[in-house]
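Shown next, in structure tokens, is the structure this report addresses.
By written order: A, B, C and D. Residues from 1 in each chain.
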Amino acid sequence: MGKQVGGKTLRLTALRLEALDFRSVRCRSTSAPGTVRSMEDILTRVVVPLPTYETREKSPPPPESNSVEFMHFYRSLEKEEKSQLLATLSQDFGVDHKGVSELAGKLLDTQLRDLATILQVEDRLRYSLTPRYKQLLNHISRVEGGVKFLVDLRADLLEIISSKGSDSPHIRDLNGTLKGLLSEWFSVGLLRLERITWQSPCEILQKISQYEAVHPVRNWTDIKRRVGPYRRCYAFTHAAMPGEPLVVLHVALTEDISDNIQVRAVMKKLATLDLEEDVNKVNTAVFYSISSTQAGLQGVELGNVLIKRVVRELQSEFPHMSQFSSLSPIPGFSSWLQGLLSQHRKEGRMELLTDHEWREVADVTNTTPDTNALDALRKLISTGEWTRSERLVHVLEPALMRLCAWYLYGEKRRGYTLNPVANFHLQNGATMWRLNWHADTSPRGVANSCGIMVNYRYFLQETPSNSAAYMHNKVITVTEQVLGLVSQFQKNSKL
Amino acid sequence: MGKQVGGKTLRLTALRLEALDFRSVRCRSTSAPGTVRSMEDILTRVVVPLPTYETREKSPPPPESNSVEFMHFYRSLEKEEKSQLLATLSQDFGVDHKGVSELAGKLLDTQLRDLATILQVEDRLRYSLTPRYKQLLNHISRVEGGVKFLVDLRADLLEIISSKGSDSPHIRDLNGTLKGLLSEWFSVGLLRLERITWQSPCEILQKISQYEAVHPVRNWTDIKRRVGPYRRCYAFTHAAMPGEPLVVLHVALTEDISDNIQVRAVMKKLATLDLEEDVNKVNTAVFYSISSTQAGLQGVELGNVLIKRVVRELQSEFPHMSQFSSLSPIPGFSSWLQGLLSQHRKEGRMELLTDHEWREVADVTNTTPDTNALDALRKLISTGEWTRSERLVHVLEPALMRLCAWYLYGEKRRGYTLNPVANFHLQNGATMWRLNWHADTSPRGVANSCGIMVNYRYFLQETPSNSAAYMHNKVITVTEQVLGLVSQFQKNSKL
Amino acid sequence: MGKQVGGKTLRLTALRLEALDFRSVRCRSTSAPGTVRSMEDILTRVVVPLPTYETREKSPPPPESNSVEFMHFYRSLEKEEKSQLLATLSQDFGVDHKGVSELAGKLLDTQLRDLATILQVEDRLRYSLTPRYKQLLNHISRVEGGVKFLVDLRADLLEIISSKGSDSPHIRDLNGTLKGLLSEWFSVGLLRLERITWQSPCEILQKISQYEAVHPVRNWTDIKRRVGPYRRCYAFTHAAMPGEPLVVLHVALTEDISDNIQVRAVMKKLATLDLEEDVNKVNTAVFYSISSTQAGLQGVELGNVLIKRVVRELQSEFPHMSQFSSLSPIPGFSSWLQGLLSQHRKEGRMELLTDHEWREVADVTNTTPDTNALDALRKLISTGEWTRSERLVHVLEPALMRLCAWYLYGEKRRGYTLNPVANFHLQNGATMWRLNWHADTSPRGVANSCGIMVNYRYFLQETPSNSAAYMHNKVITVTEQVLGLVSQFQKNSKL
Amino acid sequence: MGKQVGGKTLRLTALRLEALDFRSVRCRSTSAPGTVRSMEDILTRVVVPLPTYETREKSPPPPESNSVEFMHFYRSLEKEEKSQLLATLSQDFGVDHKGVSELAGKLLDTQLRDLATILQVEDRLRYSLTPRYKQLLNHISRVEGGVKFLVDLRADLLEIISSKGSDSPHIRDLNGTLKGLLSEWFSVGLLRLERITWQSPCEILQKISQYEAVHPVRNWTDIKRRVGPYRRCYAFTHAAMPGEPLVVLHVALTEDISDNIQVRAVMKKLATLDLEEDVNKVNTAVFYSISSTQAGLQGVELGNVLIKRVVRELQSEFPHMSQFSSLSPIPGFSSWLQGLLSQHRKEGRMELLTDHEWREVADVTNTTPDTNALDALRKLISTGEWTRSERLVHVLEPALMRLCAWYLYGEKRRGYTLNPVANFHLQNGATMWRLNWHADTSPRGVANSCGIMVNYRYFLQETPSNSAAYMHNKVITVTEQVLGLVSQFQKNSKL
């Protein structure tokens, strides 16, 4: 078995790498020692040591074939092996701790000397803190397809970090280093805003269909509509990943900010594909979907920049446009509510609904207004059955609205709002503007958020200060409507 | 006076920056104290402190207007003031030395503890070594025109560093930080290779004409020829600086590597603009000019990458192309020679020429073959007069050729060859292939290098190893022809 | 009737004017008989008289609004009314017969005079033969969307001519005039060859899917495959009809001319969408589908020119490509065969199959080898049931092949081959090269042509002479294989 | 000698024409008989006979090599030979007069029969009036570069017609046929409006510089200015002649219609190349140069259409733009004036100037106010010396202005204004709006039109009616200013 692995390594070394197609050279061995050895062999060869501080500018880059070999090797691995490889890379090819330590000592020694010396030792220290693998990442980025490779590799890293118990600090370091590099390469000056239309290449439109997470695209007529009249679709692309939309924003052009009634309009009424736009009817931009397409770019903020650029673009196309708002889903509300109900059930608490509301629920469900009604309610909500009874809908509207308002406004994680969509828009400086009942009545909408949707509105003058207030002081900018619902919830819940 | 300056600052703060045109708000005051104060005011406002390590990912970017304000302010300054501003920026808004020192101490303390802690302290240390101004540079890069601004700012920095006695370590640090950022932004994956033709936008062709340093472009017919048949012109451009060629390579397509006779062919014979290329006559690519256009990208190696990309491009266009070589000028040879002659004059040494050669020089110049002849020779070379006498040309050819060979091969600076063009090609892995007598007989060519030119040839299989040998071990790959000339020089000079 | 018409006029008046651009020229008549009158009114206003011969170059064009009005009016009409309008236009706004007649007389009178006079009278006569409506057509072509309007109008004309008994000579004249104009506007020099890929605009790919007549496109994966590796898709477009493919050619790149076995390869085996092409495996171009998209361009030969241009394009991409052939369907064979069988049934003739073949058919169908078997055969063929019996397939193969060969080669209309696909390729100079049994076994293929397909092969050196032989002398260039089948048919049928 | 020619013909026949490069095969023989014979041989072969009326749709086009051969042959000829060839082509390969005559007779015979027959005979007659060479022209247009060839051939035809006494009616017929075809191919629907900027391909800008007739382009800075801020440059291009501007319009964007004072502004003040346009300062479009580039498109009206399209383009860019006017030169005024002065000199008439004016002229020139002064005036005007004397300038202003007004308004050819620029704008429907004294003081301006320029203004609502009034009734729309000057002239001249 060991031979096979050795054989593979040999083959690897012998092959002319330009022509190499690793797809057939799958690494199937499961015996850890052998694979690990072969991995280390490759890494040792491919991840060249950092030049000394003195020669750091005199060192020619290693041959491109190093990067290509690494990319092919990595792609040939099974998931588990990838994980192993990254562990080895991050652990054995990282920072030279001894060197760092020596320089740290030297820095302390020099504190009494002149500033020039301090600066120089600091610079050496900074250099010595560079992980050896950083160079490899840099070189890979220069190979054709290299940037995309690194984006995908980071997606693997993130999966490892989140899924595993193996919370290795080295892997975290590798992730941090790679994120830093990606942030440089995907900095705003290098992104290109593209408007996607029915004239755009099919390849792009197909990708946008596949990536669309918020409102899944059903067919080509559907995607045609989303780039048609009274709609805009924008994406950021990057020179190093041509033809690959990084983040996609769908906008509806309307006369007013869409609420529950106009939601359907947004989605269905404007179906006429050949309609010509009447500029006078366009006063508002409703961002109804924003999707990031690259898992590996997590934390590299693109979405907020895209929204800002699109706002500028729309203002120049429609000088009189005055309202900008999202119409957002509320993923997680239903499951949060189920959790809450379960907990109250356990604790025998009934204050989520008013007495009147419980009576009504009990009445409709032929139960008693106690834990029986609570059980019935849990079931109704998990099945979505409640939407079939007009009476229930009528009773539950105020309850679900105030619960939802609380979920969005009051439920926190490390001081920031728990709901990721809310968090995204609040970071961007939006205002939590209006909860809309009966806004997404699709099965998906009912299952996720009891049909409720929310507008995060962008008041352009205030977004910077809102953003800062939220980021620094965890203050959410919010309207009376939402606050009213929140205080109803609090009154009820004796919070 | 102070008031005026203060007034300006006030105005700055009050103005809506989008509309602001600083061109008319030139800062003309020369009184250092006031300006310095206003500078510090602006910097303090614009260069926001680094977030703490803990909040570094939670901090929204400062408003774009910060970057725009800094750019406008900087552009409004006189040269001296810019220098002052950069000094202040680099000194007062750099690294927090105290913080670094504390973390260094902490790191030493933790050396006995677990690896996870070490890694975390290292990461904090790394972060604390970030100069405060690095953030500003990053944010500027995201503003429209920001990258170009930073490239130009770095050109200013380099000028300050090279021109002044004021060899401030802080300015060097700022320069190092900026160079690091530019290297990321201008990494190969983000550059775009463009072939320039007569169909290219006028704007690009005009810029290429202006930037051409090796063989100045005289007029539009001249530039048309340089993008015409049997020529190729390639440039790297960058998404963040559209329409701006960064480095330009001119290639002549020939049947053999141009030497002295074909030089003229390269420059003049192929003048027929409407000639159609005969692919069968193209076997060789002669790189006859490579120009970097952005002073601020010094040290960000683009030229060598461009040559490699162009070689690939040419190979795919002409699959049978087999020879790649530069035909390079030798700037500095004549002035080096003059220096050598002066020194020998002082020291009364005569071994640069053989006895026979001195006699011939004396004979032609009506002098005696001693320091008189030496003086005469110095004058002849400084005026270029020697080219008018066939006898002198005949006598001096071997002498100048061996001197030039020594100049290119033997004269070193820190172990690397002194001549910058040679250094460039040797770093790229080229071979010092052939010195060509009578190769550039233009006044400029005679004045710079006594009409000699040199081919640095690229043997594609060997460039990586040549490059490494030169960079690491300072070994120059060289042909018999050049070595022969060098040893003649050494024999003569008793070296 | 009058009411209906009145209703329409009302509708016209009521229409939202954005769509309509009648700006000043509202159609206000409401009286019914009136529509005819209103038509004439409009035509009289819009179709301005020809200038006199003398002032023909001094006349400014009528205002664009004339053309726009006509276009809107025409589009607002029902089918029957369009027909009426075109009848009126062609009849009342055509040639001034009296004027022509006078000039004809004058020409005869001048036959004895000088040549200059004759030439001038001829020129006047030529001018007088211009129908008044020709000017209108010319002006419409200059309006935005005008050319497309005229192409569609000609489609209407062709439908009128073919469908109606009303074989009006005026309508034919109008059709001839319009065809002449379209031929000028769509002459080859003005067509643009475009290669369609997955990078082409979605709009184009959707249209190509819709227009595909030969092998209907099922879904977007299907169309993606047709523009993917080992395929080429080319279209002619025209500056005056942007985004509108006029004629589309689908090509498969193969190692040999596809016959029945490789048909499936062409259609299915190459399904791997991300396959990379291996140039060495490409020796042959198989044109497997050519579709005209504009009914109104009938008779304006585009398809043959497209094939020629594509051949040149492919030769420059694949210099070693040596075989060019269609793989064509045989629409109409089955229905022709059914007709033949019916006729033989009536006449009690049995010679279409040999005695042995009839016996086999009878045996399988439990009939007797007489008209009973013939009836059974007719049913088998009309239902496609025969393909389910291996024995029948075996028996019928030679019979169907020789019948099909005769259908393609022997069945004529005005001396040219009856089958339109054959006629197209023979006009282009192709050779009727090979009939392929079991070539298209889809239900459609079996229903149309008993699963048989045919290759029309293009021997590039011979296409001009083949084309001329066919066009002038009705001679079909054909291979031994096809001729052999034909003579078997003839022997059998005692023809 | 005859042999040589014969040899050439032989060679022509034998060569594979695709590869043929006639540039080296110049026809140098001067012996008329031989050349003529060879010409007829080639024409007979290349200009195939018209198909019969019956087979006209069944005839495959002649091989492309026919067209290519003709093009190469024609290009190889000297000017005189071209003329000969065109004479032969037009005379011997034109209309079949006998056939026409027979059909004319037949038409007269059929006048009593049914309409269908009449229509059919008319169609045959129409077809028989087609010159045989028309087919050749059609086929040439389909070859690559064919349309440009025909445009240039028409330029040759026009030169022959205008220069020679040989006013052959056949050449006129050929010219008419070709013009008809060009009019179809260059109809508006097929033209593409391009805005030319400094980003446009160098090739285009170089051509526009070369073609500029009104204000010659001096250098590249000059052309850069003409496509820079406060300027627009538009051109029509055509799909069949890519990269070739057909007609070019230069526009200045100003605050008011430029008169003599602002002329310089138009030409010089706006020199700052990097100026940014202030939309609020743009109210007026001044067309200061329109140039046709293709002599062979004479009579194919492109310029007027270009102006209309540009007006639409400008209105959409500057919705508030309200004034459109030319600022036009008056070529021919000075020479017309010289002619007038000569004639008056002969006839001894002195009424062109008032007595007072003559006295002043005499005074300044030291002559007597009689024919001596007249002679002096002639000389002053022919040399432009008058502009150096302030007194003369003052005296002559009213005289030259009223003479110029008369020249533009009163001097006619066949009822239309003599001055070609005036004629162009009046046909387009412009108003003769204002004469501007001291408007073009360049030597060229003084020499051509005594420094006077004129605005033809476009009132958009009135251009159609103005155009019709001028074209049909020869009525010039004119302002009070111009009329006033005209009547002063008339009063003075006793007209």
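Basically, contacts are C-beta pairs under 8 Å (C-beta built on N, C-alpha and C of every residue); 3 or more make two chains touch, one makes a residue touch a chain.
Chain labels with UniProt names: A, B, C, D = Malonyl-CoA decarboxylase.
Values in this document were obtained by computation on a predicted structure and should not be read as measured data.
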Item to check | Farthest chain (mean CA position) relative to chain A (Malonyl-CoA decarboxylase) | outcome: D
Checklist outcome for this item: Comparing A-C with C-D, the busier interface by C-beta pairs is C-D
Item to check | Inter-chain centre distance, chain A (Malonyl-CoA decarboxylase) versus chain D (Malonyl-CoA decarboxylase) - centres from mean C-alpha coordinates, in Å | outcome: 64
Item to check | Length of the line joining the C-alpha centres of chain A (Malonyl-CoA decarboxylase) and chain C (Malonyl-CoA decarboxylase), rounded to whole Å | outcome: 53
Item to check | For chain C (Malonyl-CoA decarboxylase) paired with chain D (Malonyl-CoA decarboxylase), centre-to-centre distance based on mean C-alpha positions, whole Å | outcome: 42
Item to check | Pairwise chain contacts, counting only pairs that touch as defined | outcome: A-B, A-C, B-D, C-D
Checklist outcome for this item: Interface with chain B (Malonyl-CoA decarboxylase), chain A (Malonyl-CoA decarboxylase) side, in the complex: residues 55, 57-60, 63, 95, 97, 100-101, 104-105, 107-108, 111, 115-116, 118-120, 122-123, 125-126, 129, 138, 141-144, 146-147, 169-170, 172-173, 176, 181, 184-185, 187-190, 192, 239-240, 299, 427, 429, 464, 467-468, 471-472
Checklist entry - What part of chain A (Malonyl-CoA decarboxylase) is in contact with chain C (Malonyl-CoA decarboxylase) in the complex they form? => result 198-203, 205-206, 220, 224, 243, 276, 278
